[in-house]
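Look at the two complexes coming up: chain A is in both, with chain B in one and chain C in the other.
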Partner chain A sequence: MTEPRSPIDDAVRAAGAVVGEHAGVTAVTDYGDPEAEIAASRRLGLADLSPLARVGFRGPGAREWLAARGVELPDEPNRARVQPDGSIAIARSWTEALVLGALRGADSVCDRLEAGAADGHRVRAYSLPRFDGMFWFALTGASAVDCLAKLCGVDMRESAFPVGSVAQTSLARLNAVIVRVDLGDMPVFHLLGDSASAEYAWASLLDAMQEFDGRPVGLRALHALAREFE
Partner chain B sequence: MKIMPCPLNGPRPIQEFTCGGEVVATPNPDRADAETWADYLFLHHNAAGIVREWWYHVPTSFWFIADRNTVTDEIVRTFLPRELFRPDAQRDQP
Partner chain C sequence: MMRERLPPPAGSRIDRSRPVRFEFEGRAYTGYAGDTIASALAANGVWCLSRSFKLHRPRGSFGFAGDEAGSLVQLDTEPNVQADARAIEPGMRVHAQNTVGGLEKDWASLLERFERFLPVGFYYKAFHKPRGVWNWWEKIIRRTAGLGRVDQSWTPEYFDKAYAHCDIAVIGGGAAGLAAAAACGAEGLDVLLVEREPELGGWLTYGRMDSDDGVLDDLRRRIQALPSVRVMTSATCTGWFADNWLAVTQGNRLHKIRANAVIACTGGTSQPAVFRNNDLPGIVSAAAVQRLIRHYGVRPGLRAVVLTAGDEGYAAALDLAEHGTDVAAVVDCRPDPPTGPMAAEAEARGHRILPGHTVREARRDPQRLQVGGVLATRVTGRGACAADGETIDCDLLVIAAGVAPAGGLLAQAGAKFRPIGRSAVPRLESLPAHANAAGVVAGAATVEVALAQAEQAGLAAAADLSGSAADASANSARPDADESSATWPVFPHPDGHEFVDLDEDVTVREIEDALAEGYDDIELLKRYSTVGMGPSQGRLSAIATAAVTAAARDTTSAEVGATTNRPPAVPTRFGLFAGRGFQPVRHTPMHGWHVEASAQMMTAGLWMRPAYYGRPDERADAIADEVLTVRRAVGLIDVSTLGGFEIRGPDALEFLERAYTPSFRRLRVGRTRYALLTDEQGVVVDDGVAAKLGPDHYYVTASTSGAEQLYPLLLWYQAQWQLDVDIADVTSAYGAINIAGPRARHVLETLGTDIALSPEACPYLAARTGKLAGVDVRLLRIGFVGELGYEIHPPASQSLGVWEALIDAGREYGIRPFGVEAQRVLRLEKGHVIVTQDTDGLTHPHEVDLGWALGRRKSFFVGKRSIEVLREKGLSRRLVGYAVPDRRATVPDEGHLVVRDGEITGRVTSSAWSPVLDQAIGLAYVAPDQAAVGSAITIKAAGGRLVEAEVARLPFYDPENLRQAM
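Then we have the complex of A and B:
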């Protein structure tokens, strides 16, 4: 059996990605120049976080079932809340949740939730495997809002879309979930969509990033920035 | 751009939505005759004025109901289906 791969594995390797293990995850660590990627992340960077864990739950009992396992969902739909372990709990509706594993790999919360998922049926909380079905990218940096404005009809400026906001909308004509959870003072938008369209989304984003001098960045740069803001 | 106020996602471009047709009561399957079924399945009222329709927000797979004026295309109000239907409700009797 081969290791789980990102749906854009071929595309990032063709762009010079170094794939390796970093902080417990096998993912793109860098594109050959981690130092430049830190600066690029602050300007406009695009990272493929697809190898990181994520899982969804739906059903009338999903909220309570997750709460009993220490995952605190926001009260309102279309909001995200960062958990103490760094994972992100997203309320997609009144009865559906999406949990994104912590950036710093070695995540256990998604594995733990998935392992115990059968128990949720008792209270009508049903797991939705999201690892294979959804790509997960992070668009970072000062120009991220302007870049998203080219691809998406929802106002992503901080006044209208502050940290913790979620939009389930059309991104480059794809259905996508957009989540703003900054790293310190650096804007970060998590983008998730159908993995079958991942290569198209990746290429569309890189194309839209050109005029802002954006570039793909690896996990090593994001981890360095995360440490900086701790 | 035409804006649809979605009860889950707020105001969004109409391109994100699909219309699911009029809200009509399903006939009782045990008692409805062929003519009633044909009317339910194939015939639209196509009324001029304010009609009640199913609408679907594609990115979230979310169904809701909208009152829309078919003459002016004005969306009067949108709301959750649970205002009209309880999850355990029996089908409407014809």
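Then we have the complex of A and C:
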């Protein structure tokens, strides 16, 4: 059996990533110094969440079909809503949704939705393979807004882009979905884009992060922060 | 030793505890941290910084504000640095620009003796005959007239860009800008205040106030107390584009600012007066001497003459006298006795004032490259003065001719400036929407007026953004400046050298000559004479040019008009435009594997693909080996770059029927069909394969180069047709591996799959889904290379695993990866067309023998009608296969022409040496009467060699198609 791998697997391993299973997901747990990564996350951290589950649905029946399976989409496009299990439901349009699995633990929502994809097809809720088609990074910390300002033309300050906002825009000239869902008082921007350009996006972000002393962080740091804010 | 330094409080910007050593023209100097290059040199008595653009005359800074060509210097790795704006750094090595043999003894200054041979527009008239001679002259002229040198061994610096957003952008942090920002901030607006200087305050930091009533401190406190006001210092707004998109440079970063409204408080620019030798170093503006004194603690001279047309000159005279400079005379060129508080104070202090006089000419100090004296004479009329007068020795000549509104940015945005009546000075006449102005640029002559304007502008901007009815352009056409500059100080001299434009060495006579030649429109005049085309872009020459033109045409400056302002408003380093460009790259899931396997990567659109595996010096052998491996054993190629679209829904079939040329109505689930796409003109735009995976589910591939454009095209069709279908681009979600060769089936069976692979169970053109190496894959039995082959589409995240498993399983069958180059040869041997390589923007299906792919019974597909019309017209060319019988002949290249009797009848689109056929083969467009198999064609190959070829039957390889159907 061939295990799924992140589209930036080579890049994170070259950067010293420790890849292992953490809370049910095989991903980068840390880069050798989880404590420092917690501090870095508050300042400016970049985590590869690509190994976490996500799935998309589109079609005239998508909203209703997802609602029937307990996914509460926001009432309008370009908004995100955190679900009771910690997953994030994003309305990309009136007829398209993106569901990001919970940060902590193996996901069941996305698996459940994918398992029912054939059923969705019958009611015109067509599944979209976002796990394979899109990278998923999280940019965290106090300098995240200033860092994104170097890559993206959308005003990401909280006054203009509050928690729950979604921008489908250009990130370093790459089509991207940017979602703000903070962890407590720590800004967190979820960044999703073409998985084939994941290495390019990762390198562009790390380059932009340099002046803010940002660094890549593992899931262990994000889980610790998530626990702290619970 | 810095002999000209003044004691504190003079020198607010320098840190006397931190001396900085640097070099200028090979000599060591010392300045202080906070000095600019020019201020540090002035403190050492050095005023000449460069040589002029055309005549190589000695030049220095006039305004000490980073505006002119005269202060451009060369650093070791950077040309055209504004010496009066760039801070000195320890060890900095500064050189004068545009000299031959050094600043002191510039051999090129001999050009001045030949000045009469260099009249206005001389380069339009000379150097063009005999034909071709320009190429010789051009090198000499560029070397002589050049600015700095680019060091091509320079290590690039890091430049980047950033976006910023605000409700209100206030450009300029002087009194008006501070007050406007404070007013907006107090209204709760998100304000961005952009100031070019390193500190806020503008004129308040160096000007002479009637009384120090704490205006600056108060304004700064107000700004600091407002968290919604962000301040950018040392930041220059260089462009004001549509929808208030502002380009602001700061250090090595270009900020791209989006503002809902903009308030321009950009101040004014002190103007030179025009008289003979007005370009000598040591001739500076009144504002410059005040900057030198208050910012840098520099005593600007020992003995000064002030030429003024307003009260500012008297303020400068008072400042100079108070800081140890002997003011020999204040020459006031206004006809009436001076008025104004500074003039009164100067008179009371006993300064010598020469009313109704001007400086007829400045004279150079015979020992130094700077001014040594002036001839002051009585003004006798508009632009005229007596020939005889008083000679006054001085080492500093201060000019207070007047201040022009710095309206370049506003004008970029659409504001109109126009002199009023017979005045020479432009006044703000109208503003564009969501823009306002305050301060000198809006005509304010005093701080009090500027502050009042700024408050009003701030409130108007707030009202504008809130949508209330307040007058948003409150400050347009509200000048309060007096009209003292109505007669601009321009005094032509019989011996010339009265420079209207110091950047470009343009004199009064040259302007007059250009006008006499008929270039009397201001835009034409600019281009013909080059006035206003230097680094200051007319900021210091436009008023004088208009005044000279108005005098020559006996009209007003208002009638003469002004040239167009364009960005960038000030000289800007290329790095800021170019820096940190983003160029997305796409990698397949197997990218790292290819690199590890010594693949030579090539670009295909945004994708990186292996061209071949091996060293570049082994290229030909590597490609041939890869070809032969596929033909004799088995190879695999990463084709993840192919586009992939899911077409799903009740109308999926109808959508395919309309978008693609073939009919899919009889296509069964589990089968594939070639899918050709033409545009409305019948031109071939892409091709791929449509696999039917379910009753209303198709998986359609597209070419690597076409996929990115194809997806929006399909969505555009759907937007028009409104069918009940969903089209999803899943290109990156699936990897794709083409395994091909007579042993391909063995490899898959060895690897293990639940898909029945026998020829009966999985025949040619079958589409299956199932497990391979434990991974859910889509498997299409198709081939591009003419062998038994399978296209395997695993999820992207598991594609590398499948690839590696195939390599392992295929080892015993001699498997090896092959790249794009081998694939091109293989498909050429099989006679397959590559859309965009073998087609162009006019190719229709019948020209490339794809008529079989057209659904003739379909009532409609995009391009159908056009193709029918084109067919009825008859073919004008055809794509054919050819072979070169002579194995020693030159192998033609793609693009080489097919010729007949000296006429071009076609061109080669694909060419290769076939290792299997052991001869050169290719595809070429030929005339229809050359298309029959066996026809002889002639190809004009490299070096003009004619290669004889023969039209061949396609495919070259396996014409019975037995191998791919194995």
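By our rule, the second predicted complex is superposed on the first by the 229 of 230 C-alpha atoms of A that agree within 3 Å, B and C clash if a C-alpha of one lies under 4 Å from a C-alpha of the other, contacts with A are read in each partner's own complex, and residues count from 1 in each chain.
By definition in this document, contacts are C-beta pairs under 8 Å (C-beta built on N, C-alpha and C of every residue); 3 or more make two chains touch, one makes a residue touch a chain.
Being a predicted model, the structure only gives us computed values, none of them experimental.
Looking at the superposed arrangement, the partner reaching more residues of chain A, out of chain B and chain C, is C.
When both complexes are overlaid on chain A, the residue A:Asn78 reaches chain B alone and has no touch with chain C.
When the two structures are aligned on the shared chain, A:Gln168 is found in touch with chain B, with no touch to chain C. Contact with chain C, but none with chain B, is seen for A:Pro7 once the two complexes are overlaid on the shared chain.
When both complexes are overlaid on chain A, the residue A:Gly133 reaches chain C alone and has no touch with chain B.
When the two complexes are overlaid on their common chain A, residue A:Ala160 makes contact with chain C while staying clear of chain B. Look at A:Asp194: by the touch rule set out above, it reaches chain C but stays clear of chain B. Residues 153-154 of chain A lie in contact with chain B in one complex and with chain C in the other. Residues of chain A that touch chain B in their complex: 77-78, 92-93, 153-154, 167-170, 175-177.
Chain contact summary for the complex, chain B toward chain A: residues 1, 8-10, 12-13, 15-16, 57-60, 62. Residues of chain C that touch chain A in their complex: 160-165, 190, 256, 258, 580, 582-589, 591-592, 606-607, 640, 646, 648-649, 694, 697, 724, 726, 728, 730-734, 773-775, 795-798, 800-802, 805. Listed in rising order, the residues of chain A touching chain C in the complex are 1-7, 10, 58-59, 121, 124, 126, 128-134, 146, 149-155, 157, 159-160, 172-174, 194-200, 204, 207-208.
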